[in-house]
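After this come two complexes, each holding chain A, first together with chain B and then together with chain C.
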Partner chain A sequence: MRRRIVVCLLALACMAGARAAWAQQSRPAEERLGGCFDGYLDKAQTEQAAAQQPGQPAAPAEIRIGHLHASSGPYASISMPVYLGLKLWVEQMNAGGGAVVKPFGRKLPLRLISYDDQSNPGTAATLTNQLITQDKVDLLIADSGSVLTAVSVPIAREHKMFLFDPTGTGAAFFSKDNPYIALLADPVSTVWPRFLWEFLKSDVAAAGLTRVAILYSTNDFTGTQAASIRAALKAPGSPVQIVFDQGVPTSTSNYAVLIDNIAAAKPDVVLELGYVGNDIAFLRNLQESGTKFPMVFTLYPGIETSTLLKNVGQTGLAGVFSYVTALAYSYPPEVGMTLEQFRGSWEKAYAKSGVEFGWNAIAGYVTGLVLGQTLACTDSMAQLDVRKSVFSLSGKLKTLIGTFELNEQGAQIGELTPIGQIAPAGSDGIHFTVVYPSAMSSGKPIFGAK
Partner chain B sequence: MRRGVGEYAAVALPLLAALALAPLVYSNELLLFNFIMFLILAQGLNAIYGFTGYLPFGYVGFFGAGAYGFALAVMHLDASPLLAMACAGVAALALGVVLTPLLRLSGAYFAIANLAAAQAVYQVISNPALQDITKGPYGVTLSSVFAPALSYGVALGILAATLALVAWLRNARLGLALQAIREDPVSAAMAGVAVVRGRTIAWLLSALIAGLAGGVFAWHISVFYPETAFDLSFSIFAIVFTLFGGAATQLGPILGVLLLYGLYNVIGITVPQYFQLIYGVLIVLLVLFLPDGLASLATRRGFRVP
Partner chain C sequence: MLAHAILSGLVFGCYFTLVGLGLNLIFGVMRIVNLAHGDVVMLGAFAAFWLFALVGLHPLMSSVIVLAAFALLGLPVYYLVVPRLLAARDSEMLSIILFFGVQQIIEAIATIAFGTSERSIPGRVLGRGPLHLLGQALPVAWVVSAAVSLLAVALVYLYLYRSRVGTLTRAVMVNRDEALASGIDVNRVSALAFAIGVALAGLAGVFSPFMLGSATPAMGGDVNLAAFAVIVIGSLGDPRGTMLGGLIYGVALMLMQTYMSAWANLLPNLLLIAVLLVRPTGLLGRQVRRA
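Moving on to the complex of A and B:
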């Protein structure tokens, strides 16, 4: 009887996770084609270049792109938008006849093989192997986030397969002895907060706000950002003093006591670095507590703006500082769609999918753009040539999130996000005022607004 | 004991031979490795649950301890992988000794306490304050010892030893004593069975097996985070596989792993969105019609399942 109860409980736990399949729609849309980076080609030139030349190797029927995503579990909220953004790019390319593949001198259709790892690193590892050894994909893309990317890194390296890493920002992935990885759509965590610490040490300190509290979630993404900020603020000559520094589990969902503890340290600036759920809980608790700090910075209002606005509200976000991503700052793209075009395509394709449009959706699309340019530039489909092609884009490829730039280990050091402050807009909307760096700024920071 | 050798030869040797040759015909070696790892875990769980009736929901705690025992030995002692494997076993054994008092509990209380203990170990390992020692929540990288072929072979060796242990338990005096304890500890004690000693031996053997599985997992995968090594799904899968096949047998957990983990991968690759539904329905059907696992199909008809 006891055994039956135990097994019944296990069965119920499994079934509780059951859910309907993602309703996914796709709509082809016009895509601007970029050429190899000897200079950009317009569409006609690209098609001319795509004509089969004598002596070129026989082209395969399709280019197989292997990818992992998580439709359930803790990483689904960051993984699904990346997947759908990438899928949208593939569908657009195929609607236009495929992608230009330089080694074959013609356009080839793309086939996206994306497995669902359900946020389980063990499953992600097995499926990465599946993509390489069984599906024999031509290009390999990791899942989103550092935990799920981590397991793919050694496997790709072992099989000498180049790993396109959309958003796994863990600094440990990138080393001189591993040529088989590049980070595409997020700056590496050690570099990403650069504008933030510069802002704190210059404009914020000049305004007399020098006491900083750091509250971070203990995961690779935010933990590394916290470490970078800490190191910069403690550097010799820094005008800033860290008065509170604490890591909390990523599963933390109640910040009430922590906010009281922070207030007791009397900081001028509070930096809360967490995932979407952490930021929502922190900002809600902050609003409910009535506690005020001259400056509050959190990560996700600028990254997944719609989700934060829906869950925290206009009032809760007003005055908060955050990274300003392409969602709120226009970078004129030289390749691919503008933000407005991409958002329109997304809404057409995925309005009913239940997946919010945000930074990660853009990251998925940008991953596709890098893939497309790589195929257009590579000398062959050998993985080291693929790598060479990816690195040839560094500093030259400009998409809707800015300039793609890699260091020699493959870590993304471009696409840095400026710092902005949120202000209410209309009855229930918000807008960002870029406050740093000055070259990009659209207004002055208002301290004490939170 | 001769029967145990015969059962081992009939069940374990063909399986081991198949797994040893499988990489020659199927190149997704990691999938094969995962099969081996779950076979080890299911048999390790079998040693404690099948023979004593104690269901450790936090079995993953030993697995994680083994993984981190391996990682710490490599990171801080520059240990060779084989020495680090020994450290993995020692780490899990040490945790088993610390948790031995849990055996005073029984049933759901033991399962919950064990789960809580595993979570406590996870929290300690992932504590940022211990970053210099365990790398805290930021994960470990063991690329210096990454050797998938060798670690696959070692995993196979551990599986061979684990199957031998279960075959021995099935037929040895200790195994029979444990089964007597499982059925009625008071009667077993009255009959002269050393209840506490028997349970403790089974508990520590089970912990050792999980620790070695964790160690070889860390070696094979080489980059992992605390949430990877302490993922509760390791416990759940090991329990489900064991129950599905039939506990207290050598063959039952093997069938459970081959069928259910095979199904898991087929579903995971073809229709992942229905995975939980299909798995859940399957388990409900199992509970309703085969509560003692697949092995009971044979035992009900009077056949002995190895």
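Moving on to the complex of A and C:
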């Protein structure tokens, strides 16, 4: 019996250590598509799109939207807000009679079919396949985050199903030979840190802070961000020197030793790129270690501000630099609710859900907005027409997170987030001072504050 | 860097000794594998979080309450589940399946009840600023957590080796049938060991927000893996081995983070595989059956 237990444990360990490799398959050449949309849909255009045209195909009873979410596991905290934000949009649309679907010339109710992949990429792959082949959904949305999106990309492409990607920013998802994907609510990871590396090479270097440490979690999201920043900082003529550059597993939950190792490299700037749990652990350990760096940048204080504030506290966040998302920087929307309206609707619907309101909640809602505009604009429900409709929104659709803009591979290059620094506000709150780019700035950076 | 990594590893290892201790005690006495152990740790973390958030209770006070509450919780669970398991022909294998199901249920209920967001208790609650130990700066919260862990290990040692019921417990560990034949109330001894095991897991949970950054309903899986690595390194069923396993695990993890950080999460699996292949009984394996 003891031998059987040993064999079982051995097998479990081997399974846990192994990672499935997802092969990319060659696809047909990209189809060049023209624009179909000259701007966002106002009320008149919506009515025009909804007008019944002779010879239109018979409308289905509903539009089926396939989606994955993770209600448990390590990605639940970034996945559930996206799911609930999307669900809120679907419910609002259905309350108004559904979404305008141009090919059928009228409003149709939306049915959200969202399966729980439990943060398991293998389960996500199976369920993506199920949504396409069994549920035969009209529109397909990936789970949140790059790790769980990664498995859906090749499956959607194989089935020639257009994948609406809310927040999977890994650069590898977007290629010229894959027309079946678009990133909706986060900038692609190769572009997202642009303001950060520009800030480091200009204002920060001018302040004499030129030694940079990069600590990143080894996943598609933060790995790509780290690679982009590294490449920019190592470019010829860069005044910045990278003195520490290490990846850690995304499951890392203590950083005390890593902080000590970084301190040994004597950096002026520390960039810690991780998911929510990584940033919480890093900032807590930094605070408790007593180690100080002139500048510290992490991702999630600006993305999931409420969660970070609750776990790290006002003191732990004070002085930290982060992206300033729509949570703290107002973009006037031309489609959909404002931030305040959306937050109000969220609090009304999900106050007791245990899911924090943050950037990912907004991303879920914006995903819905893009879906709605796509349905109102597409010539048919054929997937390449759906793609054409999505791309026609590029550069024109303005939501509460800024301008939706795609490159020709479907990667999001609009909605760039400025760089901000956190300062205490009130007894236990915080506020962001936008420090870069100068056109958006609301104050000067204070180095040595962390 | 090396000195800091080793010292941090020893402190971290003390905590992981506590994480593995309850699991090992239950396996040692009952020969059942509690795959829900990590989720009991998670429940302990949320108990401490809510006690702090709602009534401002200090984690050290919470640890006493959690110890008592989880021990009391363990008793009915034992009588509901374990005697039936032990009566089965293949109780060890059945326990893996059963507790895997329990783990899933606990995580699902916790997700519904607590949500998916991270929760933690401010580190300053256990003391402000770093503590300088042998020339190295360590978070006070880590040192306090390690001290509590060492205290718990010492109490378990006293229970096992300096008390009459501990002697009976060790007799059951050596051979359950012989203990039964010699008149020991095996069921009662096992129930007590099960309750202590659950209570130790709850206690480990109280300090997990300080050692692991934050707590989520999904944390149980990773905790389980580390706990299994710790007890397999030492030896299944031997609490002294758990201490050795915890320290080896902690130091190895910190050294991996220092010199091969990207591969650090492979460590529990590598240690498990290495020990199971080279010395399947664990480093103190010979002493298990003679405890």
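Just so it is clear, the second predicted complex is superposed on the first by the 405 of 450 C-alpha atoms of A that agree within 3 Å, B and C clash if a C-alpha of one lies under 4 Å from a C-alpha of the other, contacts with A are read in each partner's own complex, and residues count from 1 in each chain.
As a working rule, a residue touches a chain if its C-beta (ideal position, glycine included) is under 8 Å from a C-beta of that chain, and two chains touch if they have at least 3 such contacts.
No experiment lies behind these values; they were computed from the predicted model shown.
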item: First, second, both or neither for A:330, with chain B first and chain C second; value: neither
item: Which of chain B and chain C A:134 touches, first, second, both or neither; value: first
item: Which of chain B and chain C A:218 touches, first, second, both or neither; value: both
item: Chain B versus chain C as contact partner of A:438, first or second or both or neither; value: neither
item: Partner chain in contact with A:71 - chain B first, chain C second, else both or neither; value: both
item: Touched partner set for A:121, first chain B, second chain C, both or neither; value: first
item: Contacts of A:241 with chain B and chain C, given as first, second, both or neither; value: neither
item: Overlap of chain C and chain B interfaces on chain A (superposed complexes); value: 2-4, 6, 8, 10, 13-14, 16-17, 71-72, 218, 247, 249
item: Interface residues, chain C side, partner chain A - complex; value: 1, 4-5, 8-9, 12, 31, 33, 90, 92-93, 96, 107-108, 111, 113-120, 122-123, 129-130, 136-142, 211-214, 216-218, 222, 225, 228, 232, 236, 254, 257-258, 261-266, 268-270, 272-273, 276-277, 280
item: Contact footprint of chain C on chain A as seen in their complex; value: 1-6, 8-10, 13-14, 16-17, 71-74, 76-77, 79-80, 119, 218, 246-249, 251-254, 256-258, 260-261, 264, 276-278, 280-282, 284-285, 287-291, 307, 310-311, 313, 353-356
item: Residues on chain A engaged by chain B in the complex (per definition of touch); value: 2-4, 6-8, 10-22, 71-72, 115-116, 118, 120-123, 125-130, 133-134, 146-147, 150-151, 153-155, 158, 170, 172, 177-178, 218-220, 223-224, 247, 249-250
item: Partner chain A, residues of chain B touching it in the complex; value: 27-31, 34, 55, 107-108, 111, 123, 126, 128, 136-139, 141, 143, 146, 148, 221-225, 227-228, 231, 233-234, 236, 239-240, 243, 265, 268-269, 272-277, 279-281, 283-284, 286-287, 291-292
